[in-house]
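Structures for review follow.
First chain A sits with chain B, and in the next complex the same chain sits with chain C.
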Partner chain A sequence: MTSAEMPGERFRLSMLIYDTRYRSLTIQVIALISFMLAAAWLVNNTVQNLAALGKTFDFGFLGTRAGYDINQTLIPYTNDSTHGRAAIVGILNTFLVAILGCLLATIMGVLIGILRLSPNWLVSKLAGTYVDVFRNVPVLLWIFAFFAILTDMTPAPAAFRGDNPSAQMIFGAVAITNRGFYIPWPVLAPGWQLVVGIFALSVVAVVAFGRYARARQEATGEILPTFWIKAGLLVAPTLLADLLAGHPISFDFPELQRFNFEGGGFIDKSLIALWLALSFYTAAYIAENVRGGIQAVSRGQTEAAAALGLRPNRIMNLVVLPQAMRVIIPPLISQYLNLTKNSSLAIAVGYMDARATLGGITMNQTGRELECMLLLMGFYLILSLLISSIMNWYDARVSLKER
Partner chain B sequence: MAEVAFVRHEMEPPQAPPSGQVGPARWLRENLFSSWLNALLTIASVALLWWLVSHMLPWFAHGVWNAGSLTECRQIIQATWGEGASGACFAVIRERWQQFLFGFYPVHLYWRPTLTFFLLLAALAPVLVSELPRRLLWFSAAFPGLCYWLLWGGSLWVPIAIYAGFVVGHLAQRLLAAAGYGLVAPFAAALATVLWWLYLVGPVADAFASVVPLALTPVASKLFGGFMLSTVIGMTGIAFSLPLGVLLALGRRSDMFIVKALSIGFIEFIRGVPLITLLLVATFLLNVFLPPGTNFDIILRVIIMVTLFAAAYMAETIRGGLAALPRGQYEAADALGLDYWKSMRLIIMPQALKISIPSIVGNFISLFKDTTLVAIIGLLDPLGLVTSIRADSNWNGIVWELYGFVALLFLLCCYGMSQYSRYLERKLRTDRR
Partner chain C sequence: MKQRFLFGSAIALVLAAGAASGATLDDVKARGTLKCGVNSGLAGFAAPDAAGKWEGFDIAVCRALAAAVLGDAEKVEFTPTTTETRFTALASGEVDVLSRNSTWTFSRDVDLKFTFAGVNYYDGQGFMVSKDLGVTSAKELDGATVCIQTGTTTELNLADWFKTNGITYQPVPIATNAEANQQFQAGACDAYTTDASGLAASRATYENPDNWIILPEIISKEPLGPLVRQGDDQWADIVRWTLNALIAAEDYGITAANADEMATTSENPEIKRLLGTEGDLGAMFGLDKDWAKRAIQARGNYGEIFAANIGEGTPSNIARGLNAQWTDGGLIFSPPFR
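For the complex of A and B:
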């Protein structure tokens, strides 16, 4: 019987610290009070400082004219647009480089991770060196270095001129210059919606067919030649629609004019440098995740599958990868998050992402540091909470249901 | 009777394996040419290596160490190796290496950061290598103050007075505990220390300095740069983020709702925003949050932000280690009658930290790499220096030499750290695997 159950026990002040029943309460109250005091102190300081500087706290500046240009925009923007629109352009640019980066980093990372496990001694050493070199050097250095290479080691547009030019366009379509990449750009004639729509439909059909084939295989054991059917589904209807609509989608190729390339699309070198640097850097981490994930599948699984008579290819696809994915995906998603956060270094090469517009030029022009930083941090915070909730959802879905 | 025609009485000696199954030939076969795909990969790798080496070797061999500008470098290379030869211009590193190490620290005071660096090695040694006598840890504890004094200069009495705050707190606790107020002793000790730091450090240091002036020439923070700056920010961040991370991890796993909520809020907030936004807050906003008129050193502000940032990541790493421990360990600690802090210090933490060593060192490495971000807010760390050198008309257009040099130094430091973590893992491995 503990003293707690004794009737008539008097409460003494020292019990707040010595009695474990009350101690946690005491600590929590103290923690809460100190937190609130600290918060009040900060807010009070902020109010005083803002008053001393003659500043107010409002977001009205987002509706005023921005007055600066952005070199790469996804939506129409001029320097007459508002600061709010500039911020949206920046946010879209962040998404653009993040998505491009995630795609390339995944492809490279998976490839290098698999090469690292290759039985080929030379290849696995090379892949290992890649991982060590890219992981142990700051990402900012890679961004600067890729930008410097694109600036100083690529030809100027003038080098493409003349009968015997010192630089050549790749396949006559892509020009790599020290300003950026000039690429063919689609030109949409009436009827393009049909082609794009049919293509989207055929992608849906491919997915649906994949599911059907799998369900059928599980029910009957019959394996359909999925690859050829899928390829046909993907290509044939689109080609047919293209033919019927009279080739509504054509490409505009860049042409060298008097001073510069005209026509086609232009990708600023800052985007390319940032994209490549982030991808190469993150690919090294993804490669390690992939290697770790594949190695986490115990050898017994591979051996059991081999004993069942599966060929190496099938062992990989049916036994090892499904189990490895469970280990690979969560850190992969957190690498995506890291890549997105690292894209905030874009200002180093002059790429106008959210940090460079909202937390850079807009902040400097309007002097609204507090509001701009709040918005910027809020954006990144929401983004990362979103991504981590996706990760948690995936984790819960694929985690082993043991016990 | 059957006659046995032939019975072998001794074993035939085994035949030598075929030539393809021994020595280098076998190794080549198994490791490089085991299948068509592998052979192709090998050939591709060799081609890649050859391409790299054939471009880099002449570039290194033609390197010029004595020149005043990139144009001069190129002229020398053309003159020596013929038209169109490529070569490195290491002259820029020869000219600027002092800046890369010390930034714009006054040249006649270079001995101070140099001495600090060797003292840093001496202070790290007992922490890293447990075979050294434990008494050396006292020097490690004294090192931060010494480092501050040597690098920034000023009166030696200031760091001494700050250290004296700990002595004051300790004395206050001893006295109060002896007088029978053990209950309030820790709080009173903390209060005494803080009060000492707030009100008495300045006067006490001044008083001593007026009697025995032990001062070095002060050096302003804006002169700091190069790897010295990276090391100062990185090492301070590493030293403070680990204990802070441990506290945050314990807070996050605590049963107390409010403590837990505060820890989670802090950790998730910091992990959700990029470091660069925190550094921007340090540059533009910290003055707004602090009492009017406060304006403290930019390096200190950066260090605080980097430490908080690293601490949040560290907390998650250590939480992983704590979660990986079997419940039995916690229960055993309780069963021994240890209180919370004792069980953490003696039973839980040593094991949790051991489990998470690789990720902790990984955090250290990313912290050290992240110190380069200060280049964006205008401090002259190695990358900031590279940008300013490339803007110099003499060295405009130089790429590989500078970035390669900085990358190499970071590679050495970070690779060294990861190798140390492997050594530590091996040394601390107590289970048999």
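For the complex of A and C:
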């Protein structure tokens, strides 16, 4: 260990400890070396133990045939596909439940957080009870509870059979069974792109018109009948396109066959149970964030808005919530991350997420524990970083602009 | 100082590496208990009884092994494992032996680096359905929803079998047998598939066992048996020959009750070798003379274990079938003790 000598003073080794100029550096160097040694030891130990067990470290298994089936897939997959594709199916399923969960949890959380502050005693106490009940029971139990409820409270497909069935399809289109929900599913004939494209353009037009109307209102004070124009913009061109293309989009309805409903779309019970449980659980936390955020907005703001004659819901939407967002969003990020990571409990109800395919069946069939776990950890790490960077970007957008 | 640090970590490395491949027998003896990985609950095979004590067909293997190695059939620490966690538990050294109706396959034996110590139950994968469904053959299950324990060979067999027969199915993966039974009985799946023995054991626990039928098709070979980590031949030999001792004991008519008597009165040299009155087989793999006698006395010979836990008259009510002794037309066979 060498160190630059001070001019005119002889450097002694003891100065590394007793001289405050060097001490912190010395401590940091020692800490760094210890850390690197510990890391090296861990890696070396793993390598040696793998060698002792006669195992290699190899990701080649990802290219071999998986051989198992997955019940809910977003991309085409059969048991002839590779383990790598099975992992992607699982990863997409994780994305699916995470996105659905974050959406529902946010909507419910904001609603309940606001209700908790309601002046109505019953409403605020109900919201408070919701938060307490959902926050203080482990999420795994909620997942099991929702799964059990769906299993026991919904009819089996056989109940829809016969002349006088004990269960009915909703509007003859949706069947809620203890296997999952069977729903109508769009069938796309050639020309569907036109209809969908026109519809997307209509949405853009609606947004653009909204901005124009607001700018005009701010400039001239004239209020346009935005609702009817927006509704017309949204519906009319799409209907016209549909007519021109000859109704390219039709729906396939589920029909009861020998064992199951066939046709249409199928949402597995495990996905619904997991989605609801994660959303309800996380919503309780988000509700508390929202309540805290709203309470962080000075009372004077509300009173000032009221003095200007704004109605309570406009005060909330225009004055309180925009300011509260700055307080709400940072903890919201961690709730989204929690929800995403909690989705790895999916295997408890047999939902095939990344943990269940890559870290479950694939790991079990190939015996590549270390490789699978590393991949899985890498995946969750990347996903979490992705979510937090998106949310940080959003936070930067809504945060107080200092001019 | 830095050098000493390195030296220290080098020692730690050697120790850690040694622990992974060290002699399991010495570890078990030093610990005083045998760590046995078992099913988290399968009636007749591995389940806690009314008093909370683990008993069953697979448990008996662990008990016999503990009796042979430690001299006490009760010195077993049971670790319930799911189909998903079992191999990791064994590979990581969390358990010394896995006796958990696991199928002996090439890739598990070779690629997963385990050693199967033998077969204690010849099984095959079957299907169970509700009688109301009116299905008499598994080939009629086109389009059915099938409950299956995830991470098992049955999962792969199922995919292969449906594919071979050109029919489709909807899998419902489930982590444990108990949960699968719950889903199956609630009608969340049309059929439940696992080893036929497991189906029989499950059906025995249902409220009305007669309302459920096990379909005639057996779609795979499932030789089930205890397994250990590869690389410790001494320990693998102990497990293998403890199981063989139980099988040989039935062959020779040695039971838990008459083992002591047979040891002294029998004129058959093979029985004498097995029970330790002649020669010293046990010393060859680090045990004493009476190891096999104690193993037999733990829960009886193979036939007694079968009859007590899963045989005819028990709730599982399984016939010996393939699991009869070779002399009775079955596949159960022990190499000679010589």
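Note that the second predicted complex is superposed on the first by the 360 of 403 C-alpha atoms of A that agree within 3 Å, B and C clash if a C-alpha of one lies under 4 Å from a C-alpha of the other, contacts with A are read in each partner's own complex, and residues count from 1 in each chain.
Going forward, a contact is a pair of C-beta atoms (placed from the backbone, for glycine too) under 8 Å apart; a residue touches a chain by one contact, two chains touch by 3 or more.
Bear in mind that the values here come from a model prediction, so they are computed numbers and not experimental data.
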Mind working out whether A:Trp192 is in touch with chain B, chain C, both or neither, as first, second, both or neither? neither
Please indicate which partner A:Ala158 is in contact with in the superposed arrangement: first for chain B, second for chain C, both, or neither. second
May I ask you to decide whether A:Gln257 touches chain B, chain C, both, or neither, giving the answer as first, second, both or neither? second
For A:Ala52, using the defined touch cut-off, is the partner it touches chain B, chain C, both, or neither? Pick first, second, both or neither. both
For A:Glu369, using the defined touch cut-off, is the partner it touches chain B, chain C, both, or neither? Pick first, second, both or neither. both
Touch check for A:Tyr22: first (chain B), second (chain C), both, or neither? neither
Could you look at A:Ile347 and tell me whether it touches chain B, chain C, both or neither (first, second, both, neither)? both
Considering only the touch criterion stated at the top, classify A:Pro119 as touching first (chain B), second (chain C), both, or neither. first
With the touch criterion stated at the top, can you tell me which chain A residues are shared between the chain B interface and the chain C interface? 45, 48-49, 52, 152, 347-348, 363, 369
Under the stated contact criterion, what part of chain A meets chain C in this complex? 33-34, 37, 40-41, 44-45, 48-49, 51-55, 67-71, 79, 151-152, 156-158, 178-179, 257-260, 262, 269-270, 347-348, 350, 352, 356, 360-361, 363-367, 369
Which residues, counting only chain B, touch chain A once they are in their complex? 30-32, 34, 38, 41-42, 45-46, 48-49, 183, 255-259, 262, 268-269, 271-277, 280-281, 284-285, 287-292, 365, 369-370, 372-373, 375-376, 383, 386-387, 390, 397, 399, 403, 406-407, 410-411, 414-415, 418
Chain A residues touching chain B - in the complex, by the definition given at the top: 14, 17-18, 24, 27-28, 31-32, 35, 42, 45-46, 48-50, 52, 115, 118-123, 126, 132-133, 135-141, 144-145, 148-149, 152-153, 341-342, 344-345, 347-348, 355, 359, 363, 369-370, 373, 376-377, 380-381, 383-385
Can you tell me which positions in chain C touch chain A when the two form their complex? 2, 5-6, 9, 12-13, 16-17, 20-21, 83-84, 87-88, 91, 107-108, 111-113, 132-133, 141-145, 150-151, 155-156, 158-160, 163, 169-175, 182-183, 186-190, 229-231
